[in-house]
Each structure stands twice: as structure tokens, then as C-alpha cells.
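These are the structures in question, set out in turn.
Presented sequentially are two complexes of chain A, the first with chain B as partner and the second with chain C.
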Partner chain A sequence: MSKINIYSLIIHFKNLKKTLFSNLFNTTISFLIIVLISVALSNIFVWLIFNANWKVVTSNLPLYAFGSFPANARWRPATWIISLLLLSIFTLCGPKWKWLQKNLLVAWIGTIPLGLYLLYGGFGLSPIMSRHWGGLTLTILLTVCSSILSLPFGIILALCRQSSLPLIKKLSSTYIDVMRSVPLIAVLFFGQLLIPLFLPIGIEIDRVWRAIFAFTLFVSAYIAEDIRGGLQSIPYTQIEAAKSLGLNQYQIIQFVLIPQALRIALPALTNQSIGLFQNTSLMAILGLVELLGVGRSILANPEFIGQYIEVYVWLASVYWMACTIMAILARHLEQRMSINQAYF
Partner chain B sequence: MKINQKIFLQLGIFIIFFGLMGILINNLTVNLARTGIGFNFSWLFKPASFALAEHPLPFTSSDSYAWALFIGWLNSLKVIVSSLILATLLGALIGFARAGKNSLLGFISAAYITIIRQTPLLLQLMFWYFVGFLGLKDNMFIQLKNIFSVSNQGIEFSGLTFSSEFLALLLGLSIFTSAFIAEVIRGGILSVSRGQWEAFRSLGLSERKGFIRIILPQALPAIIPGLTSQYLNLAKNSTLAIAVGYSDIYAINDTIINQTGRAIECFIVLLVSFLLLNLLITNTMEIFNKLILKSRKYS
Partner chain C sequence: MEPIVIAKNLTKSYTKGLRALDNVSLTVDRGKVLVVMGPSGSGKSTLIRTFNGLETFDKGELNILGIRVDSSHDEKRIQKIRKRVGMVFQQFNLFPHLSILENITLAPVHVQKRRQAEADEYGMYLLSQMGIDSHAYKYPSQLSGGEQQRVAIARALALKPELLLFDEPTSALDPERINEVLDAIRKLAEQGMTMVVVTHEISFAKDVSDQVLFMDSGKVIETSHPDIFFSNAKHERSRKFLNQLDKH
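After this line comes the complex of A and B, so read on.
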């Protein structure tokens, strides 16, 4: 074993020599990069350990996680986040029992009502208004609810755009094109300021749900285009085969087109939800105190004034970690889907 | 489906859709009448009575709202075009490094790409503005013989001044978009088959010449559509200017809404100005695309 390792190490070094120091130009560039990296890394290391004042992060950890959620009820969002994390770990490296693998999807979908119940309260828990929601909890909630809601909406839009009825086709393609040419912040602004104007007097939707609605409007247009790409890449022979088996139009859509289109569009769809996770930060400008909003309000506190770098580095690493976890989960999902494909 | 069925289905959807629109618009008129604002565009020609820090054309607070909006549109265009150029240059550099043979360079650019792509743009913009430019102390002047000076007010370069808001936005947008452009360019280069590399090498062309004359022209048709969509994203992302206080079209609309309360009208103005921007970018890129296809045909 060790022999092989040493041998492969030697090959690796030979390859390194070939790629890094093949000619004068490459050698100078490689040396320059090595020097630059070591200077940068040592500076960053010194700053992280000695110069940075991490009190602005450590003393506000509950704020970053839960916003202004009442202190005695913080265990509720904490339970939710921890259950999400545990479920991710379980999905990635849990045992490969069949019944477990089958029920994982149910468990993932079940986290949404669980989260809403834990946040809203009621049925034995004290109710908490949505204006107290904040921090990472709110960021996750916005992402999860908007992506779940925009998936069916996006599928319907994509199917309508492929429809043979000209009116339906025109309406959905206009909607998709307009949504895709408008900046997200304008749509979110629409959600926060204009939706109340379109509602009859007496009906009000709270800010969080208006934000989720606006995100859904926006993201579903993008998802529709991704799914349309999937639909278009299904060969027409599939539809002919389904027709010759006697399936009707709705059965063809349900059992032939949608499963295949979703599988093809899966990488694009997961990218959309990672993008959505990052874009929830825009709500910080529009008055929700999600993760970035918490950072801004902490920086406005006179006790921590001017400590921009610490807060931004901390927030960036939190976002980075969360996005990386989402990307790893997405890759896992893609692999599972492709394994299923092999059975055909 | 039978033709009758099709017509009835469409008619039904038509009625539902426009019925819904009618209800919403009715709600809107009731709500607007209640607030006493109404719906008209005559306010566009009233004096704006706010000052703009950044205006490429002369602007005073007695100029009209319409002029302010036009200035905002120009400001948007200015930051979009300049960061488009910078992002393309940076992205090309990083994309080439990522696709190249030097694994150390490839590793660095891969790290750059994941860090930039996995953090929100808004956070990056705030970082560049509050840490990068406002973080500079007043006494931290970097001056070179009165030609070039950097301070927390911005950069002055032989008479031309760039505000720190503009520069932070420029830097943030370019760096963010460059990571995406780099991936597009890498994809384009990888889409050229290995045989082409081997062919030009066996013909005795140097690496640089072969890359520029053989590989790049074949990669461009795969790169241009990706670039266009990144440019459109850049244009849309430029509306985050409001976070650093740069007066682009969105920020000016926001100010006007706060002043006049005309949210619906301003939203329409915003939509129209964005449709114009998108048309401008897609048409320019289309011309560019045609030029490239043409040059390939004749060569």
C-alpha cells in the first residue's frame, strides 16, 4: 500500500514539475504566485489571529442566527436549523438502508411545515409575529419557501410556453420575458410597496410572505426557462411512444415529460436555489432583518462602529459555507438521479 | 383536442386572466383614490428639488424629475459599460488561467471563482464600499505628482475624478461578473476539440499564435451567447447601486417615490428603462455575434 502511495507521489511531483516549471515563462509565473500566496496567506493569518476583534461576532451570535426572536423561544428556530443540518448530514453520509432512502424526500418536505410551525407557534407554542423573525433563520425560510413554491409555478409556465394554444403560449412567454429582463430588486420592491395597493381594503399580507411571493414570481420565470430546456431536449420519439401506448395528453405530461425534464434541468434548478439563497440578502435593503440585515444593524450599533471587515468576513464565510453545503447536496442528488437512470 | 375545445379553453383562460386583472386594477384605483394620489405622469415635468452627487450632464435641483431620471439612466449606463469592459478583461484573464496548463494558476483562479460566486453580490459591494474606499483614512492620500490620487473621496486621475461610490460599484460588479465570465470562457475553450490543439502544434505554430489564431476563433461562437446573458445579469445587478449610494436609475426612482409617493408610475418608468437597457445590450451583442460569424465564414 505504502509503496503504491510513494510511487504515485513521485508521479505527482513529476507532473507538477511538468505543469509548473516547463519553461521560463511558466517558472517565473509559478514562483511569483507562490511568493504572492505566501505573503497574502501570512498577512491574512496574522490579521485573523491577532488584529481582528472577533467580539463583534462572538457576542452577537444569537442575533446572527435568530434575529430579534424572543430569547426564551430561541430553541424553536435552533431546533429547526439543527434538524436541517442533521438531515443534510444524514442524506450525505447516513446508512444506505432502502426504507430510509425512500423516506428522506418525505423528511425534507416535512421540514417546511415543521419550520413554519416552530416559527409561528400556536398549538401549544406561544405565537410569535413574523416581524420578530430574522437572521439566518429568516434567510433559510425565505429560500426554502420561495424555491418550493416557484417549482410548480415554473413547471406550469414552461408547459404553457410549449403549448399549442397561441393565447396561453403568448401570455406565459410574455410573463417569462418581462420577468427575466427586470432586476430582482425591482420585483422585491413591487412585493413590498405595490402588492398592498393591489389588494382589496382590509386584506393584508405580512412582509415576509410578500417577500416570498415576490421571490416566487421572479424565480419561477427562470425555473420555467430551465425546465423548458429540459422539455426541449426530450426526443419526440418519447411522445410518439407514449401515444402509441395509449396514454392521453395529461398522462404524457405527468409520466413522460415532467420526470425527464426535471432530471435534465436538475443542475440548473439547484443553481437557481443557490442563487436564491444569496439573493435573499437583497431584502436587507428593503427592510427585512435577514442575515445581512442583522450585520447592518449590528454595524449601526455605536459599540461596534467601524468593524466592517470582521462582520463582512464573518457573513461572507457563513454564506459561503451554506452555499457549499447546498452545492454538495445538489451534487449528491444528481448522482442519485443518474444511478436511477442506469436501471432503465 | 378538437378545435371547438381549444377555442373554449382559450376563451375561458382569457376571461379568467382579464377578469383577475380587472379586479386587481379596480383594487388599485380604489386604493389610489383613497390615498388621494391618483395616477398621472404630469409630475415628471415638475422641479425635482433634490441634488445629485453624480451627473454626467448638468443637473440642478430646479431641473425636472424627467431630467433626473434621464441622468440616472445615463449613470446606470456609465457604470454598466465600464464594468462590462473591466469584467470581460478580468474574466478572460481568469478563464484563460483556469483553462491553462499551469495547475497552480488553475488552483488560484478556481479558488477566486468559488469565493466570488458563493457569496452574495450585495455583501461584496458593501465590502468594497465600506472597507475598500470609506476605510481609507483622510490622511492616507496616495499621490503621484498631482496626476493620480486616491482617498476616501474617490480617485482623481489627471483632472478626471471618480467618486468612491462609482468605483466601489465598478469594482464589485466587475469582480463578481468576472467570475461568471471566466467560467463561460473556460467552457468555450474546452468546447474546442483536442484535435485542434494537436493539429496546430503539429503544423509548427507556437502556443500563443495557435491559441489566438486557431482556438479562440472557434471558441468565440460558444462564448458569445454566455457572455450576452452575463452582460444582462450585470445590467440587472447594477441596480444594487442603491446599497453604496450611487445614483443610478433605481436609486433615483426610489428617491422620487419617497418624495412624491408615486410608486406605480415610478415602477413603470423603471420597467421601461430596463427594457431599453436590455434591448441596447442584446442588439449590440447581436451585431457583434454576426460580425464574428461573418469573419469566420470568409476566413
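After this line comes the complex of A and C, so read on.
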């Protein structure tokens, strides 16, 4: 094994020599680029190690993670995030416990009520209002709740768009077109500022939930289009086979169309949820103190004024890590699905 | 003799002038096998697809298992027919996201509301009848064409149908794989299953059929006993067709 690796490494370097240093011109260009890259890298390295003042990050770690969540209850969001991480690891390694293996999907969906319970409190835990939620916890909550809610909504929209009833078809395609032609930030403003105006006096929706609803309205239009693509790529013969077995229209949708459309749309759907995760940062402008909002409020503290670069480099790396975890999970899911997905 | 399929003057026209079915009438009795032959585009697939409502017709009347269907195509009656009639397609049309056993048990569990364990047991029995019970937990893409088509037959049998429709069941298979599927169909014929089979396989048609129906451009040219049809067909058009097939 190691022999093969060394051999392939040698080949690799030989190829590199051939492509990068084949003649005088290529050699000069290559050297120039190498010098540029090393200067840039060494400068970044020097800044990261010596010049940057990481105190703005290290002394505020709980803030980044939990926002202004009461200090004595921080174990609650921490438990939630750690359970999400553990579940990710279990999912990737192939869970060893039989019951978890069978109920992986249930376990994932179960993390939402668990998270809401831990954050809201009640039933033995002290209740905590949503205005204290913040940081990475809030970012994850917005992402998870919005994507779980927008999936069924998107499926319904996609099915309505394929409907044979003209009114339903027109309504859903109009909705999808409108949502796709409005910028997300406008929808979010709508959620924060206009929904309270429309509601009757006395009824009030939490601003976190208003944000989740706005994200759901927006993302489900995109999800509907992804799923429509999946639905359209299922050959009509599948429907004929299901009909000839006596399945009715709803059973055909439930057992034949939706499972196949979701498998086909899976890569696009994971794209949507990664995009959603990053787009939650828009809520910082609208007053929710999620991960980016925490960064902004820390920068407003006189003690840390002017340390933009440190804070934003740190935030970028947190977003990068979270998105990488999501991407790895998605790839794992796609591979598992593709085992039984070779078509025709 | 109890007739299972009675078709009276079925007519279907696609565009003005062009007729997919032109006054087609036929009867299939219980336990009998009708083989439908004809050049491509002659309307034979269209004909058997009208039997379980996958295809509509403009004029005429159908009576399948005592359920009457006319050109209004009452959805409830067609649904009743589909629960008692199985169909096997040229392209197998298995559900790629379900395992072999799940493909077979889907309809019994959700259409006939049988218990999963009972459906599984009967599904395994059908798979062993088809000689592919070792593949029960694989997925369709992992099987050869011949195996997939045998799964499709088992899937059609899972609802314990009283009539089986085969729409060119071997046309999409490798020549080497055709016989394993034809043998499975022969076995069903021996067990007394009522079947309508669209096929180009002459020797198979000779073995298995009680009646051969020859179609061309939507019309029934002749309906004969196989002994007569294959040795001494009544019509010039049938003889020409058979000669063409023999050359291949």
C-alpha cells in the first residue's frame, strides 16, 4: 500500500515538473506565482499568530455560541448543539445501536422538539423568552426549523403546480414566481414589520417565529422548483405501472412519485439548506442576535472597537465549519441513496 | 364457458382518419390464452392497454370480469378492474427506489390492505415460483433484464389477479434471457391463468395460445386457432407477416 503511494507521489511530482517547469516561460511564471502565494501565506500566518488580538474571540466564546442566554442555563443550548454534533457523527460512522440505525430519521426530526424544549424551558426547566436566544444556537434553530417546515410546503407547491386543476396550478405557479422574483431581505422585512400589522390585536407572534415563517415562505418556492424537476424526470411508465396495480392517485404520489422525486432532488435540496444557513445572517440587520448579530454587538463594545478583521475571520471560519459538516452529511446521504438509485 | 374479456366494436382514433383501434371485437374465456400478433403500430398494445384503462377508446364497449366500461371510462369501475387484472410491461417498469420484495408487496398492502407479514410471505412464495427468491432484498438496478421481468410478473401476480395482460414482455430482453421469462409465462398458462399476451415469439405463441388474434392498422384481420394460424393462415396479410417473422 505505502509503496504504491510513494510511487504515485513520484509520478505526481514528475507530472508537476512537466506541466509547471517545461520551458523558460512556464518556469518564470510558475516561480512568480509561487513567490506571490508564499508571501501572501506568510503574511496571513504572521497576522494570525502575532498581530491579531484573539481576545475578542476567546473572551466572548459563550456569547458567540449562545447569545445573551442566561449564564446558569447555558447548558441547555449546549446540550442541544452537542446532541446535534453527536447525531452527525453517529450518522456518518453508521450507528452501532440497532434501534438508532432504524430510527435515524426519527432521531433527526426529534432534535427539533428537543431543541425547542431546551430553549423555551417549561416542564421543569425555567422558561426563557426568545429575545434571549442568540448566537450559533439561534442560527442553527432558524436553519433547522425553516428547512424542515419548507420541505412539506415545497412538496405541496410542486404537486399543485403539476395539478390538472387550472386554478390550483395557476395559484401555485404565481406564488412560486412572485417569491422567486422578490429578494430574500424583502421577505424578511415583510415578516418582521408587516405580519404584526396584519394580525388582529392581541395576537402576537414571536419575532424568531416570524423570521422562520418568512424563511419558510421564501425557501419553499425554491424547494418546490427543485422537487418539480425531480417529479418531471420520473418516466410516465412508473405512473402506469402503479395505476395497473390498482394504486389510487394519492398512493401513487405517496409511494411512487415523492420518494423518487426527493432522491433526484436531494443534491439541490442540500444546496438550499446550506444557502439557508448562510442567509440566516441577514437577520442580523433585522435585529435578531444570531451568529453575525453577536459579532456586530461585540464590535459595538468599546473594549473591542476596531477589531473587525479578527471577528469576521472567526465568524467566517465558524460558518465554514458548520457548512462543511452539512455538506459532508449531505454527501453521505446521497451515497446511501445512490446504492438503489441506478436508473434503467 | 365464462367469458373474462368481451370487447365489442372498440374504436379509437388519434387524429382524424388515423385509427388506432377500428371496430375491434373479441372474447377471452376463463383459463384461455389469447395471443395478439401484428406489425408494430397495428394497435395491439393499445388494445390490451384499454383492458385495464391505461388507454381510452371513443366507441364500443368492454366487459372485463363482468365489469362494464364504455367510452365514458368511469374511474371507479376502472379501479375495480385494475384490482383484479395484472399487467406486465415491455420495459418492466419496476419501482427503482423499492427493493424487490417491496415492489411486490406495495399493492397487496396498500390496495388490498393485507398485513405486511402476510404480503411478505406470499411475495416470497411468488419469487420462489419465479426462481428469484435469493434476490428479494436487492434493488431492481442490481438485477438482469430477465430477472427484472420475472419480478414484474410476480408483482402482477401479488394481487391474485383473474386476468394477466402481457405487453411484449420479452421485446426488451437479450435473446439469451428471453426463455427464462417465456418459461415463467408457460408455467402460468399450465396453471390455468387467463392471459392476453402481445408477443412476436412464434414458437412460444404456438405452445401457449388457445387463440391467435392478428391485427393490422387497428383492425382485426383474423382470429384463429394457433394450429391453423401458423400453418395455414386464412388471410394473405397474416401469411405475409409470418413470412417476414420467419426470416429473422
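Keep in mind that, in the parts below, the second predicted complex is superposed on the first by the 319 of 344 C-alpha atoms of A that agree within 3 Å, B and C clash if a C-alpha of one lies under 4 Å from a C-alpha of the other, contacts with A are read in each partner's own complex, and residues count from 1 in each chain.
Here, contacts are C-beta pairs under 8 Å (C-beta built on N, C-alpha and C of every residue); 3 or more make two chains touch, one makes a residue touch a chain.
A quick note: this is a predicted structure, and the numbers were derived from the prediction, not measured.
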Thinking of the overlay built on chain A, is A:V106 touched by chain B (first), by chain C (second), by both, or by neither?
neither
Just to be sure I read the superposition right, which of the two partners does A:L24 touch: chain B = first, chain C = second, or both, or neither?
neither
Report for A:A300: first if it touches chain B alone, second if chain C alone, otherwise both or neither.
neither
Is A:C93 contacted by the first partner chain B, the second partner chain C, both or neither?
neither
Considering only the touch criterion stated at the top, classify A:I49 as touching first (chain B), second (chain C), both, or neither.
neither
Which superposed partner A:A241 touches (first chain B, second chain C, both, neither)
second
After lining up the shared chain so the two structures overlap, which partner does A:Q251 touch, if you call chain B first and chain C second: first, second, both or neither?
second
Jot down the residues of chain A that show up as touching in both complexes, chain B in one and chain C in the other.
none
Inside the complex, what are the residues of chain A that reach chain C?
237-238, 240-248, 251, 255-256, 259-260, 263, 339-344
Per the touch rule, the chain A residues reaching chain B in their complex are 16, 19-20, 22, 26, 29-30, 33-34, 37, 164-168, 171, 178, 181-186, 189-190, 193-194, 196-201, 249, 274, 278-279, 281-282, 284-285, 292, 308-309, 312, 315-316, 319-320, 323-324, 327
Note which residues of chain C are touching chain A in the complex, please.
52-54, 79, 82-83, 85-87, 89, 91, 93-97, 99, 106-107, 110-111, 139, 141, 155-156, 159
Per the touch rule above, chain B residues touching chain A in the complex are 1, 6, 9-10, 13-14, 17, 24, 27-28, 30-32, 34, 101-105, 108, 114-115, 118-124, 126-127, 130-131, 135, 232, 235-240, 242-243, 250, 254, 257, 263-264, 267, 270-271, 274-275, 278
